[in-house]
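Heads up, there are several structures right after this.
Across the two complexes that follow, chain A remains constant while its partner is chain B and subsequently chain C.
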Partner chain A sequence: MISSELISVGILTCLTGTLSGGILALFSGKKPVQRIAQAVIMISLLIGAVATGIFLMKGMQSLVLLNDGSFFPGKLVIDQLSAIFFFLVNAVGLLAVFYGAKYILNENGHYNLAYIQCLTALFILGMQLVVLATTPVFFVFAWEIMSFSSFLLVMADLKSESIKPAIFYLVMTHLGAGAIIAAFLLLSGGAIAVDFSMLAVLAAKLPAVTIIAVFSLFFFGFGSKAGLFPFHGWLPEAHPQAPSHISALMSGIMLKIAVYGMIRVLLYILPVLPVELGYTMIVIGLFSAIFGVFYSVIETDIKRILAFSSIENLGLIFSIIGIFMVARSQQMELLANVALVAALYQSICHALFKSGLFLSAGVAGQAFHTRNIEKMGGMAKHMKMFSLAVLLLILTASALPPSGAFFGEWLVIQSIINNISSAVLPVQLFLLATLVSFGLVAGIAVFSMVRFFGIGFLAEPRTKDAHVEKDPSFEMLLPIMVLGIFAFLIGSIAKPLLNLIGNDLATDGIKLSTESLNSFTFNPLILLGLIFGLFILAWLFRKASSDTKNEREYHTWDCGQPIDASMEYTATAFSSPIRFFFSSLLRANKKVSSKPIVETNPWLVKKSVDVEVRPVWNEYFYNPIVRLVTSASSKIRRLQNGNIQFYITMILISLIITAIVAL
Partner chain B sequence: MNLLITIYQFVLILLVAPFAAGMVKFCKARLQGRKGASPFLPYWTILTLMKKQMVISKSTSWVFRLAPFVVFGTSLFLALTLPIVLVGGALEQYSNFIIVAGVLMLGTIFLIFGGLESASAFGGMGSSREMTIASLVEPTMILVFGALALSTKSSEISQMVSHMNIESTPSVLLSLLALILISLAENARYPVDNPATHLELTMVHEAMILEYSGPYLALMEYASFLKLTLLSTLLVNLIFPVGLLMESSVGLDFVLAPLFFIAKVIFMMAVLALLETSIVKMRFYRIHEFLLVALFLSLGGIILTLVNTIL
Partner chain C sequence: MAVLKLLNRLFLKSSVTEDKSKYINQKDQKLEKIGKELKEIITKLYGGRSLRIRAVDGGSCNGEEIELTALGNAYYDIDRFGLSFVAAPRHADILFVTGPVTRNLERAVKTTYEAAPEPCIVVAIGDGACDGGMWKDSYAVVGAAEKVIPVHYKIYGNPPTPTQILSGMLNILKKNVK
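Entry: the complex of A and B
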């Protein structure tokens, strides 16, 4: 078929184009060269996105792109599952690259544009290859390109405050990669160049214990990449340090690659797993969601707010995947289908709104020269288009109707309610726990996003040297606007989109019935129209019944004492009730210190408040491990006593042990 | 035809809502030994506000002007979809409880944006408190309606009202009790908020709309009247679904249904007034205890309902 050839040519062009664009960027730091490199990358991403879009629309099963063992070990294949993620990588990558160049130039020499463009291209290429890979060795190779280039991007400004998180990230991501490699080795028995479908055959023969070990390693590998509690420590450190469009790619897309890996392994490689593993995934997912959302409410660095919110979103997605696993092992086909489709749908929505929010955090950061939300405010007044785009993004991030993410959450809650009474007892308990946690997380997530917009964008700027007079430049505004509109409106095509995902996976050899989506008793498009229609009705009502010109401008009511921006409510104060109500969980420590202005007068004092939040995972998880490792290594160091005879003895002993084990 | 009945309900609710707000004030005054203003006063309040000049703070942006329409619009959405006078109707499927919870939240967050726009600490404080209450109500709301959905085997609130059978599943009484508690919180009534106060330290809802005046204030007030009427009547309908219009209703029903509706409103407002005169407002930093009680009631409700459906 001609079109399938065109598609595969398109995707291959996209891959090579991305790579060559990245290399081109290295040739010269001059502006025209960089422009050309940027254009090459963008055009190739566009070609890739269009090709995958056609592939998805046509409902094709799978397409072998490259079957030449001499260049790559194994084949490059695009199937429905990888197409969804490949499309996301391309679409968001395109917008991020478009935004990136201007952003880097505005940063006034903090970054080297050539270096960033090249690494961004490599980063995107790595993610593209991960979803196309069909052999363990190539998968891990692409995974490493992705991890390593993003590591270099995190420390791109070469400042000490970026290098430490970057190293932390490198360590965590390699622990994860190590686990993934180990899992593949366990599965394949050492043959790392076999196809995934071959792995599935091998996996079916393995004993249950090995399968559980393999699953745990995969779960650790992908879960730590996705920032699941308690392996998420690197995420809120590393994501904010990268340039904003890289944070957008990392949060919006790279975390989704981890979701892709998990789904790929669960669906195509491992057999149906015991129900307990599904429970584990639900519990860990929900814990991540709850911790992530609470920390995103009390954080004051805007990019860390978003990073914690990503942990929450990924936690929810993984708990939905957990529901899928549980339902599959219980033969509750309907629930399993819906959960899988919902997890994919939520991944799409999250990719759109979170990358949009990170891009807007970049704009806000450049307007205020800080990432501290306590210094922000007042952007909505003159940056009208920008704040409108962010409003759409936060409505989606809050999963409010009629935005995109609402329908994913709706689908999960609705299908739990529909199926809970037909489940067996322990499953019911876990579904109930999911229901409560979903409600709580949904509520607190709205809190976090309202705080992000309400404190960061509304009222008056909290610092004098804020640049909030006009909208950001076209190149930075357009990607945010596009992401905002798509993330918001994707809800109105939720039903066909979910059906498309469901049908696509069904044709992919997975037992998926599309009847699962018939629980959509309403039309999202009409819901959208109804809500907006009523807003307009309210406006007409006001226009008809009162004089719209009859108003005057005045300052805010101030009780007779002039008020200024320093008296505005702060972000810390805004989240204070949550900090108080959940103080046992959050372990926030508030210190109020007062210092007399004049020594002799105890009444006139300058008060300052310091809220310190001690992350529980540092206290109970990372610090004990660090202590354990340091104490163990200091004990082992005794072996290193400088005595050459001792070393030779050690070598001899290890050789003997190796010989015994090997023979 | 269905659409016509839906619009009939919509218009009725819009007409009765200010009366409900006036009624609760009237009953409260009588219970406190005062004569009280006429229960029809809110109509005049709205009309007067519509004529007044607006004062807009210099600190505000376009979000401040958008907020009243969104807040009022979301209340209108609930008036169209919830089963207040009518069960069924053209927009029945949009009364799915998750949509209703979401639309309520949408209105709330724009109210909060309006409060934050004023750049004064009052608005900020009210917004922070409202946001806390709204976000902690969310899990309870899901569990309450989840239990009702399990016992009636339908997710649309409209269907819940018509299939409700308290005798066969008495466990939903716990959920309904939780619903009463969260409705008080949602409507900013005692013991969560004092609607009559103008003392800054105790107010939640009033603090947010402090900067609004004229027509915008009228919309905000009207929206809160609507919310009060809707949620209180919904409660009655869930327990005693009497005098409701059906899609098959004819003739006299269209006269009786509004009368039943007004009777329910009067009854609920009298009960609310009695409640508000007999209990005190809670300190804000103890609200979580109140909301936790509601959460555990709803959890008990859904667990017992689940047990009930299996048996």
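Entry: the complex of A and C
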């Protein structure tokens, strides 16, 4: 068929174009060259997105792109699951690259544009190759391109405050990559160039203990990349330090690549796993969601708020995958199908709204020259289009109807309620726990997002040094607008989209009955229409009922005292109820210090409040490990005594031991 | 024991308040007359609802405020004539300005006037607000209220008594009845 050839040509053009655009960017730092490089990358990403879009819409079977073992070890194959993620990488990557050049130029020389563009292209290429890879060696190779280029991007401004998180990220991501390599080696028994389908055959023969070990390694590998508790420590450190469009790519897409890896391994490689592993996944997912959402309420750095919110969202997605595993092992076909489709749908929604929010955090950061939300405010008044786009993103991030993210959660909750009576007792308990935690997390997520928009965008600017007079330039506004509109309106096509995902996966050879999605008895279009209808009705009613001709506008009644920023609600005060209720969990430390204005008068004092949040995981998890490693390495260092005879003895001993082991 | 004492005090002892007639032998006929007329006019003008007043202090010596407060006490009780003080200019039909407008309160007077819905009658109460009074031409004051906002009527007096204020109101409203 001609169109399948065209699609494969399109995707290969996309890959080579992205690479060549990245290399082109290195040639010269001059503006025209950078523009051309940007255009090349964008056009290739567009070609890739269109080709994958056609592939998805047609519901094709898997397509072998490259069968030549000489250049790549193993085949490059696109199937329906990878197409979903490939499309996401291209679409969001396109917008991020479009936004990136202008953003970097606005940063006034903190970054080197050529370096950033090249690494961004490599980063996107790495993610594209991960989803296309079919052999462990190539998968890990692409995974490393993705990890290493993003590591370099995190420390792109070469400041000491970004180098430390970058190295933390490097360590964590390589621990994860090491776990993934180990898991693949355990499965294949040492061979690294075998196909995934071959691995599945091998996996079916392995004993249960090995399978559990393999799953645990995979779960650690992908889970640490996705920022699951307690391996998430790097995420809120590294994501905010990168330039904003890179944070958008990391949070929006790279975390989804971890979801992709997990689903790929669960569906196509490992056999049906014991139910306890599903429980583990649910529990860890829910823990991440709850911790993530709490910290996103407390944080005052806007990018860290978003990073913690990503941990929350990824926690929810992984707990949905956990439900899928539990349901599959219990032969609850209906629930398993719905959970799988919902996890994919949530991933798409999260990719759209979170990358949009990170891009807008970049705009806000440039308007205020800080990332501290306590200094922001007032953007809604003059940056109207920008604020509207962010509002759409915020509505989606709060998972309010009729935005996109609402329907994924709704679908899961509805199908849990429908299926809970037919489950056995322990499964029922876990499903119930999920239901309750979903409610808690969804509620606090709304709180966190209201805080983000209310403190960050409404009212008056809290600093004098704010540039909020007009909307950001077209290049920075358009991607945010596009992401906002899509993230919001994806809810209105939720049903056909869910059916499309379901049908696509069904053509992939997974047993999936698409009727399961008909349990989704809720028509988003009607809801959307209802809400807009009510808006219009209220507007018409106001027009008709009030004397608008004699209306006169005047500012808020202020009792004669001018309203200024010092009267505004602060972000720390706003999160106070959450800190209070969950104080034992969050270990927030509030210090109130008072200083007399005049030394001799103890009654007139200036009071200041300092809220310090000590992350529990640093205290009980990371710090002990760091101490252990440091003390162990300082002990090992004694071997390095500089005595040449000692070294020769060591070599001799190791040779003897090797010989004994080998023989 | 304290409870018993309290009950004793409440129910068995005589009342501590004294009879009104002991001190006020006859009603103030002038006040009653003005009040009656005011009520008729307000009913006619506002279709049964009361006339809502917002008083703004432009930096007065507080004499006018004391008299305006007296309008609400049990003796004058202007609510029965259909007049009431409100807490925000958004609800006001009529604006009372008192005192020579000081520089610090100029903005307050201006925003109060702007925040009141139109049409709004502005009345300067007391000599200070009418022409500056004893603070006229001082460096600390802007001057009479009309230097800051348009003033429609003036009620002179330093300060005017409650009855004078009410009769001034009557005159103002009479001019508006056709």
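By definition in this document, the second predicted complex is superposed on the first by the 615 of 663 C-alpha atoms of A that agree within 3 Å, B and C clash if a C-alpha of one lies under 4 Å from a C-alpha of the other, contacts with A are read in each partner's own complex, and residues count from 1 in each chain.
In this text, a contact is a pair of C-beta atoms (placed from the backbone, for glycine too) under 8 Å apart; a residue touches a chain by one contact, two chains touch by 3 or more.
Keep in mind that this is a model prediction, so the values were computed, not measured.
Engineer: Could you tell me if A:585 is touching chain B, chain C, both of them or neither one (first, second, both, neither)?
Structural biologist: neither
Engineer: Applying the document's definition of touch, where does A:625 land relative to chain B and chain C: first, second, both, or neither?
Structural biologist: Once the two structures are laid over each other on A, A:625 reaches no partner at all.
Engineer: So, does A:552 touch the first partner chain B, the second partner chain C, both, or neither?
Structural biologist: In the superposition, A:552 contacts both chain B and chain C.
Engineer: Thinking of the overlay built on chain A, is A:562 touched by chain B (first), by chain C (second), by both, or by neither?
Structural biologist: So A:562 only meets chain C here.
Engineer: Please indicate which partner A:651 is in contact with in the superposed arrangement: first for chain B, second for chain C, both, or neither.
Structural biologist: neither
Engineer: A:201 contacts which: chain B (first), chain C (second), both, neither?
Structural biologist: After superposition on chain A, A:201 lies in contact with neither partner.
Engineer: Based on the A-chain superposition described above, do chain B and chain C contact any of the same residues on chain A, and if so which?
Structural biologist: Residues common to the chain A contacts of chain C and of chain B are 550, 552, 554-555, 557-558, listed in rising order.
Engineer: Applying the document's contact rule, which stretches of chain A touch chain B when the two form their complex?
Structural biologist: That would be residues 377-378, 380-381, 384, 387-388, 391, 395, 398-401, 406, 409-410, 413-414, 417-418, 420-421, 428, 432, 435-440, 442-444, 446-447, 450-451, 453-455, 457-460, 521-522, 526-527, 530-531, 534-539, 541-542, 545-546, 550-558, 563, 565, 567-569, 573-578, 580-581 of chain A.
Engineer: Note which residues of chain A are touching chain C in the complex, please.
Structural biologist: Spelled out, the residues of chain A in touch with chain C are 550, 552, 554-555, 557-562.
Engineer: Going by the contact rule at the top, pick out the chain C residues touching chain A in the complex.
Structural biologist: Checking each residue of chain C against chain A gives 56, 88-90, 105, 107-109, 111-112, 114-115, 118.
Engineer: What residues of chain B sit close enough to touch chain A in their complex?
Structural biologist: Result: residues 50-63, 68-70, 72-74, 76-77, 80, 91, 93-94, 96, 98-99, 102-103, 105-106, 109, 112-113, 116-121, 123-125, 127-129, 131-132, 134-143, 146, 149-150, 155-156, 210-211, 214-216, 218-219, 284-285, 287-288, 295, 299, 302-303, 306, 309-310 of chain B touch chain A.
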